[in-house]
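In the part that follows, the structures are each spelled out as structure tokens.
Each of the next two complexes has chain A plus one other chain: chain B in the first, chain C in the second.
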Partner chain A sequence: MSIAILQISALIKVSLLELYRRKDLIVVLILGAILLLPIAFVTPFGISGSGTYFNEIALIMVWIFSIFIALGVSSRIFPNEFEKRTIYPLLAKPAGRGVILTGRYLGALTAAISALCIFYAAYILLCGIKQGVWFSEVLLQAFILHAGLIAVMVAIGMTGSLLMTPSANITLSLLVAFGMLFFGNRLPELAQGQGAIAKIALYSANALAPHIEFFDMRQRLVHDWPAVSWLVCVVVMLYAAVYSWVCLLIADLLLRRKRF
Partner chain B sequence: MKNGSFKVAVSIERLRIMQALIALTAAVVLQVFLSAGRLELPQKSTSSLLSIISDETRMVFSGIMIKKVDAYFHGGATVANCTLENHLDAHDENQLHGEQGHSDSHHIAHTKKPVSFFRPVKWVNSRIHAQEHRHLANEKSVELLPWIVAACRTAPKNIDSYQIGSYILNRMIENPETAIGFLEEGIKNNPLNPELEVSLAEMYFGTVKDVEKSAIHFENALEKSLALKRELTEDDNMLRLKIYFYIGRIAKDNRDFDRLRQVLKSAQDINRENVMTKAIAAWLAEE
Partner chain C sequence: MTVIRLENVTKTFGAVRAVEKLSFEVKKGEITGFLGANGAGKTTTIKMLLGFIRPDAGKVLINGKDPVLPLTRKSIGFMPEMAYYYPYLKVYELLDLYGGLCGMTKKTIGARAKMLVAKVGLSGTENRQLKTFSKGMLQRIGIAQAFLHDPDVYILDEPFTGLDPLARIQFRDLLQEEKRSGKTILFSSHELSEAELICDNVIILKEGKVAWRGTTAQVAGDGSQNLERVFLNIIGNDSWEGVAI
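Coming up: the complex of A and B.
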């Protein structure tokens, strides 16, 4: 047991190092700064005091960049291992496929969440300077639910990486993520007006696809709505845990059946 | 050999990602400059297909920004957020509030939370996404301005953005001077449109109480309305009636009965039964 923990922690460390070595994070931070700084000081009609637009655009960027990082980290791990053949020494005893999958998942998750922490720190800094609000309960809930989303995206990316090439995997995962973000809460209503096949497809998507909109607290955060009940947060985090677990079960099955 | 071609493929893929990132950055930076008002693209009607597509695209984006203004006014709540069954009835096809949008039943529908825990997806969504009916306080309406400016800079032909913006500046922020300047910019960008002239004239008439300037702009509006070359819609007729109504009102105040008679005749040609036509007739009958 302790050996497995040591192996998993080693894999987590490798994933973290990998993310910071690749400089993806620095690139998106610079991109974010280039896009955000000019609009931070806009005063329409010379009337100052507007900050909601900035808050919203900054959060959209945090969302986009965090999803890109999560998918980028998770979808490259196994293809790189297979390409460089580093999977063989890893699979040598005593590290089993289950330990490697768990370690790689937790590693990718830690790396993606560390990036998320940096994004939120930058967001809090920018919004704090501009609007004078540094912390709120809604912000904490938004961060926790966002971390839940990252857990789901990393699991999806990792499962997809055992089925597809990294580019196909990232493209498909992004389509699913943004499709569900925009239409997830309206799928049953959309299904009602469709033909039989489309109806089945939409109801299946409603049941099986990840409900990314559950994790989206942007509206509450940007427009100063009160925090939600913590029970709702627990339910959403449970959903994230179960969804990630199911994805990892599928990934485990795929990895065990994989012929090298 | 196989390894080499794989490396080439990876390089090409990286190049594509870089191209996409550069294009995205360029688009957003351009948008930022447009929003900040530093760069104004001309929007002249030409027969060029590219120009038509560009104008239409800009109108679509501008429309999205105006929807954003509506969402901001309602605390970020949009139709997409709402999990109530009867919500769509209160909205028009553009997902903005229709004429009955703020009726009591609409408010009540927003304040109730009928979603059961046994419909988990709806239950979570109805709690995560705020749906209660809320309107932005006047002192916070400055939050709407960046989207108004962005909408106008993106598509200077979008009349709605100038009208909504001037309303916010005049009524909510109580800054009529800026609202007038904004409408004048709109008129400059849309020299043939009578609606913005009417809005400006109404502002001079109602808020600034400068009847002389108001009369000039109502006459300008009438001239533009009469010069419309397209087949008149119900909205065009109503706008023209409104212009006649105000011109008649100013003529009545100035005791210019000849002008009042002319205005009444023109208004009756459009619609005899309209309340504005009847009001003009009543003013004339008083004398």
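Coming up: the complex of A and C.
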């Protein structure tokens, strides 16, 4: 096994151990149950079909919390390492800063995806109980694309953590994420009616900001619409991989220039 | 054979000149004490020796290679001044992490870790998370992680801080044992008596420059001197200007 793989797997293992020991997953489990229980047990006012709205609300909550967890985990790793000085023994070992960054990124990603798995497991369980549907192609696609989004958010959070404080980083990243989720696909349309500077700003945002809406399968899940082509999923996952890679490249440059 | 070499190294932080044209060498199998008052430039020098920061001018070499390169650091065992480690990990999990970063196999880590945990007096604490450890116990973990990959060079930043008398004796013995097996040791310290006991050479820094260097035999002189007197004479002398020896 190559040394880099040994080094990266050692860092991932530590992230998982910390996640388990800090009992973060239990909190996620409770959160998942609270968010998703209404789907299974509530039919408001006895109106048939109103479950769809609960389903939609529960899914948006899953989205919000999964993004929040991804950013919360990733944006604190390096600031904590710097503040608690645990970075020094790490840097003194024969591991490059790129390896440390990759290990820390994959550790945070594994932790955030573990939380996502819990949310989806609870969602599948409750949908199964209520509707008798335990598996669908759309659900699988929704999970895979959601995991791709988490990969992007963790990369953004980690890069931002090398530039600003965790609270500023989380706030800014959440603004970008939810701004793009709700308005991302309207940016070119919005840009057309604007002046030159606003047009440049909106087109730049369209080109540079992560297109969260690409990963969004909520409507298909809620309304039982058919699955998208798997080719589309592959392209979106490639977009996630490239976007994350570019973010990590920037983070690597920042970490190399960091003064300790 | 020279293991650690600094040639005219200068490092500034803004308007502050932390280290200025610093040059010294440490030869294989020597224990060198790196002393100086607070802010003398010891930690900055150690950070350059580990490749954490680059000098503005001059050369820093470990075994003839640049410590910024990860492979060079394979031969370095470093113990940081403040022993902060991941609080949710247990002793062997922490050593697993550092061993993994050194590219050691699980089997090798296991064997070395077991031996070192016993040597630093932490047997019986294996099932406790580090958050329950005292400062002295964390310092012992720091020693174990620095020695884990059996490096050729040890760079230790204030290693005696927080250690109780028994642990100091054990650590001193450990350093002497490593010296006998040909390892090179450079440690910074404010503990002058410890430095006098175990060092072959002493370097005293003042305002980023070498103010005094020599062997511990030179420190003793005709028998009326000790390191404390030499240190106070150099550090307390405001009229000092430049390298004394």
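Keep in mind that, in the parts below, the second predicted complex is superposed on the first by the 229 of 260 C-alpha atoms of A that agree within 3 Å, B and C clash if a C-alpha of one lies under 4 Å from a C-alpha of the other, contacts with A are read in each partner's own complex, and residues count from 1 in each chain.
Following the convention adopted for this analysis, a residue touches a chain if its C-beta (ideal position, glycine included) is under 8 Å from a C-beta of that chain, and two chains touch if they have at least 3 such contacts.
What you see is a predicted model; the values in this text were computed from it and never measured.
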When the two structures are overlaid on chain A, which partner does A:R259 contact: first (chain B), second (chain C), both, or neither? second
Query = Counting only touches as set out at the top, which of chain B and chain C does A:G96 meet: first, second, both, neither?
reply = second
What is the contact status of A:S229 with respect to chain B (first) and chain C (second): first, second, both, or neither? first
- Have a look at where A:S9 lands relative to chain B and chain C in the superposition and call it first, second, both or neither. second
Message = Just to be sure I read the superposition right, which of the two partners does A:F135 touch: chain B = first, chain C = second, or both, or neither?
response = neither
Winner on chain A touched-residue count between chain B and chain C: chain B
I'd like to know which partner A:R85 touches here: chain B for first, chain C for second, both or neither. second
Worksheet item: If you stack the two complexes on chain A, which partner ends up touching A:M217: first (chain B), second (chain C), both, or neither?
Response: first
Chain A residues where the chain B and chain C footprints coincide none
Within their complex, chain B touches chain A through residues 6, 13, 21, 25, 28-29, 32-33, 35-36, 72, 75-77, 80-81, 83, 120-122, 124-125, 127-130, 142-149, 169, 173, 175, 178, 182
Residue set of chain C touching chain A in the complex reads 47, 50-53, 70-74, 76, 78, 80, 82, 84-86, 88-89, 93, 96-105, 129, 142, 145
Per the touch rule above, chain A residues touching chain C in the complex are 3, 6-7, 9-11, 13-14, 17-18, 21-22, 84-86, 88-96, 99, 259-260
Within the complex, chain B is touched by chain A residues 31, 34-35, 38-39, 42, 44-53, 83, 145, 167, 182, 184-186, 188, 206, 211, 213-214, 216-217, 219-220, 222-225, 228-229, 232, 235-236, 239
